[in-house]
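Mind having a look at this structure? Questions to follow.
Letters A, B, C and D mark the chains in the order given here, with residues in each chain numbered from 1 onward.
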Amino acid sequence: MNPQTLLEGLILSLVAIAGGAVVLTRDPLNQALGVSFFGLMLSAMFYIFQAPDVALSQMVIGAVALPLIILLTLARIRRNTK
Amino acid sequence: MKLRLTLFGLGICGLVALYGTVIAHMPGPGKMHSPYSRAINKLCVPQRHVTDAVTAVNFDYRGFDTLGEEFILFASVMGTLVLLREAAENKGPLSGDSASEPRNVRPTEAVRVTALALVGPTVVFGVYVVTHGQLTPGGGFQGGVVLATAPLLVYLADDFKTFKRITSHALIEISEAVGGGMYAVIGAIALVLSRPYMTNVLPLAQSGGIASGGIIPLISIATGLEVAAGFVLLLYAFLQKTLAERESS
Amino acid sequence: MFLWPPLPVVLPLFTAAFVAAAGPYLPRKLVDAITLGTAAAVMAVCCLLTLQSSGSAIVYWFGAWVPYGHFPIGVAFVIDPMGAGMAAFVAFLVMAAFTFSWQYFDDVRTLYHSLMLIFLAAMCGMCLTGDIFNMFVWFELMSAAGVALCGYHADETGPLQGAINFSVMNTLGAFLSLSGVAMLYSRTGALNFAGIEVALQRQEHLGVFLPIVFIFVIAGFLVKSAAFPFHFWLDDAHAVAPTPVCILFSGVMVELGLFAAARVYYSVFAIALLPWLPALRTLFLAVGATSAIVGGLMAFGQRHLKRLLAFSTISHMGVMILGFALFTSTGLAGTALYVLGHGLVKGALFVGAGILLNRFQSVDEFALQNVGRQMPKTAIIFILGAVGLAGMPPFATYFGEAAIEHSGTQAGLPWISIVIMLSGFLTAGAVLRVAGRVFFGWGEKPTGESRAPRIDLKREMQGQKSKTPPTMWLPAAVMLIIAIALGWFTPLRQAILRDATWFRNTRGYVAAVLHGSAGGPGQYHVPVPHAMPGMHIGGVWMPDMWREVITLALAALLAAIALFPYAIGRRAGTALRHGAALAMRPLHAIHSGKIGDYVAWFTVGIAALAGYLALRR
Amino acid sequence: MTTYAYVVAAWLFAIGLFGIVTSKNLVHMCLCLTVVQASTYLLLTGVGYRPGGTAPIFVNLPAGAPIVDPVVQALMLTDIVVETTVVALMLALTVQIHKKTGNCDPNATTALQG
């Protein structure tokens, strides 16, 4: 097995685990962190699978913009609850 | 709930089995047969003088898809604005409940300085990514999101006056619309010359240069403008209430 | 030739951006005029395209990317009269909605206009595109604009759950569709419909791959077309969406789901899936019949006016799916005519509901009892609408039904007529019952036992009006008149039959796309169409009219029984009501309004459809 | 590895659906939707991948090197935009629902029953 294949297998497994973790985390705040990690893993996956354009998109979106929007949503919901 | 889970259990077993059947019929590694990708890989440098094939597909070969995609962003941002603005209006921006809010913790001086110091490089990097999409990975979309984080850094640095000034709502809204409209108009240049919509009619310049690709860099800039403005608006919509409160405190 | 084809999409998109930017600084009247004008221009262009494309399809390669050695590398619009005609119809209904909303919304900013125009562009894109990923893009744009419009000044202050349900279901469907597209691409390496078709012909050992992928690809369209059991989101979305938006949701958006499924089937899969044709027929007939009956029953069980109309849409969608499921030209032509007739009639009925909502701030049947005594125009809208839903001859719906029934009988499926009758009977009965109660004050007051959905409405409209402005009832009148006129216009019916024949011509389609010149017409031969059966009524001859008369009479009887259950005796009436309530309980239970249930149904539905095809050959 | 990518895609699709069906919070549900979406990324990545291939950037590429499919990558870019915007729109709806009903439980009794 060459290192590239090994790397591919590893990152795919990590994506699978991170995805499962996002779903199974029931607390939205922890989940936001999970999504951030999941996004990062996907981004790494794209990079390893030779898709740098997509990796860059996924990085700015999945690991930064999306978690930010989620946190802001949670903040607003919490505010409303008070 | 029990009925739902039973139903779902049945369904998902079937669905996974079917999905598996399809996977088993999909060609294995190295046996993929895609005339499309072969054609693009062969044509994109000679035809478009563009070194990043993904950008060529995105903004030229399948540029019409990207026009639709731009407007998906546009529609969603407007929808979010509508929904959240109304929520703010119902109570009025400065209603009483802000007083009971715990004061937000002020960032330390170190955070402020770092955040402000990062604004410049972020803008430069964003502009670079937007304008070099035809050469290296990146393009209007990725660069646009990077640009959108610049005002956010100003916000993190707790400089609300500047934040409000640079994110003047009307201006940003107009930039977003201009970005979207510009894309539609660039495509229409070809119509004037009686060529099909989105035809790349500009001179292509030397491959590897920043002006290579004809209309591709222009479209990329339009996209960057739209995406950056769109994401600022999204963040703004979610931040709106917090902002009003911070300002009053 | 280079100018017209992209305009139905590009023009509204550009105007949407313009209105979003400049709208706040322009007078509202001007914005209204600009947007209405854009919709009118789109309609004009689409009509032109319909005429231009009859005889030879227009193949338009964006960016002048003509096929590279007969392999498509760009995105194409493939415009045939069926698609262009559908786009023209979309634009017409958008015009009607704009006219209606002229005085319906007041304080609204111009974002509404922008979103409506984007919605229009997306629907036109769906009609005209010849590329599977491009279709996915317009589908997503349609959903995004639709969800935003759904939550826009929602008619009910209650939960916006309807919009969430809409969004989740459609997005899930779209993801499964996209997965299907990826799977197809792995075997064919193409995204253009014709390109995929040609590549599939060359493939061997496809086995059950193809039928499963077909169901995956059309999953999103099935959800959109509100076929049972994917229909649940539709009535929820209609319950909360603003009325002018409902006109579009019911009138064309749902129908476009079926259109897209038919387009994908006939331009990509038809020949490759030939061994599965009997199984496909059984499948879609079952889905259509179930939708028709479940939708009808649920419509009759509603007291929320807009949900009632939404369920009736589900029922009529069932009829249209039946027409498609016959896989004949006549059946497809009948469906097309039915789409036109139903869209117009349903649009008029939603306008009627909107007028009531505007004046009385309610769409609850019981709350509205007897309030409409002084509203003859609205009463006429409702009664004519019921007649149209029952499929009575002056309306285009009749001619659609007649063609579907004829084709069904020829295929040895006479029970189709009974299902169509049932659908008309239940939905027309429901509308007549409402009309009787609201405009004539008939019927007993509700007792405690009846289901009472919480209905509280926000005042989104311009206060209470003592008089309904003509911009509100006029669209309904125009729509009803056109629904009648279309049916009588014999050349139109002939043209639709011819267009349906070409729509089904897979080989002609592929040849036109891959061997035509850039932007120029691709030549193909249309087989000489037979006259549309049961429909040449140059004189007064109307063969199957008795069915529709019986349907309408029974519907009136049903409405009367529902209004005066005790006329047949206290005990018999009580027994009837309890019996009906008991029978309807399971149906009400599955329409739970909870998204988790809907997703479970979605999973089971897709597994059942694809599984059936995989196991049958 | 492409087959493994497909298997992970199937897993993400299934687990995401499971999350949506059992979700007790609308925010959680939106995030499960992103997991379902991620399954389409994996599928597309797998479809476009060539073993030993390089990214489709034509700078100093050795002649004859296998190149991964740029078309599916362009599709994925569109896909990512769609995801973000749809999720943002749904989160905005969630905020609105929470504001009006005081909770974000998708199983709360709604006016849409029956």
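Here is the rule we go by: a residue touches a chain if its C-beta (ideal position, glycine included) is under 8 Å from a C-beta of that chain, and two chains touch if they have at least 3 such contacts.
For clarity, every value in this text was computed on a predicted model and none was experimentally measured.
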Chain whose averaged C-alpha position falls nearest the assembly-wide average: C
Higher-contact pair (C-beta pairs counted), B-D versus B-C: B-C
Interchain centroid distance [CA atoms averaged], chain A/chain B, Å: 18
Rounded Å distance, chain B centre to chain C centre (Cα mean): 32
Whole-Å gap between the CA centroids of chain A and chain C: 38
Multi-chain contact residues (two or more partners), chain D: 1, 13, 17-18, 21-22, 47-49, 55, 57, 68, 71-73, 77-78, 81-82, 85-86, 88-89, 91-96, 99, 107
Residues within chain C bordering two or more other chains: 133, 137, 140, 144, 147-148, 151, 183, 185-186, 191, 596, 599-600, 603
Residues of chain A whose C-beta touches two or more other chains: 51-54, 57, 61, 65, 69, 73, 76
Pairs of chains, among all present, that meet the touch criterion: A-B, A-D, B-C, B-D, C-D
For the chain A and chain D complex, residues of the former touching the latter: 4-5, 8-9, 12-13, 15-16, 19-20, 22-24, 26, 28, 31-32, 34-35, 38, 42, 45-46, 49-54, 57-58, 61-62, 65-66, 69-70, 73-74, 76-77, 80-81
Residues of chain A touching chain B in the complex: 51-57, 60-61, 64-65, 68-69, 72-73, 75-76, 79, 82
Chain B residues touching chain A - in the complex, by the definition given at the top: 52, 54-55, 97, 100-101, 129, 137-139, 141-142, 145-146, 148-149, 152, 231, 234-235, 238-239, 241-242
Residues of chain D defined as touching chain B within the complex: 1-3, 6-7, 10, 13-14, 17-18, 21-22, 47-51, 55-59, 67-74, 77-78, 81-82, 85-86, 88-89, 91-93, 95-96, 99, 107
Contact footprint of chain C on chain D as seen in their complex: 9, 13, 17, 20-23, 26, 29, 33, 36-37, 39-40, 43-44, 46-47, 71-72, 75, 78-79, 82, 85-86, 89-90, 92-94, 96-97, 100-101, 106-114
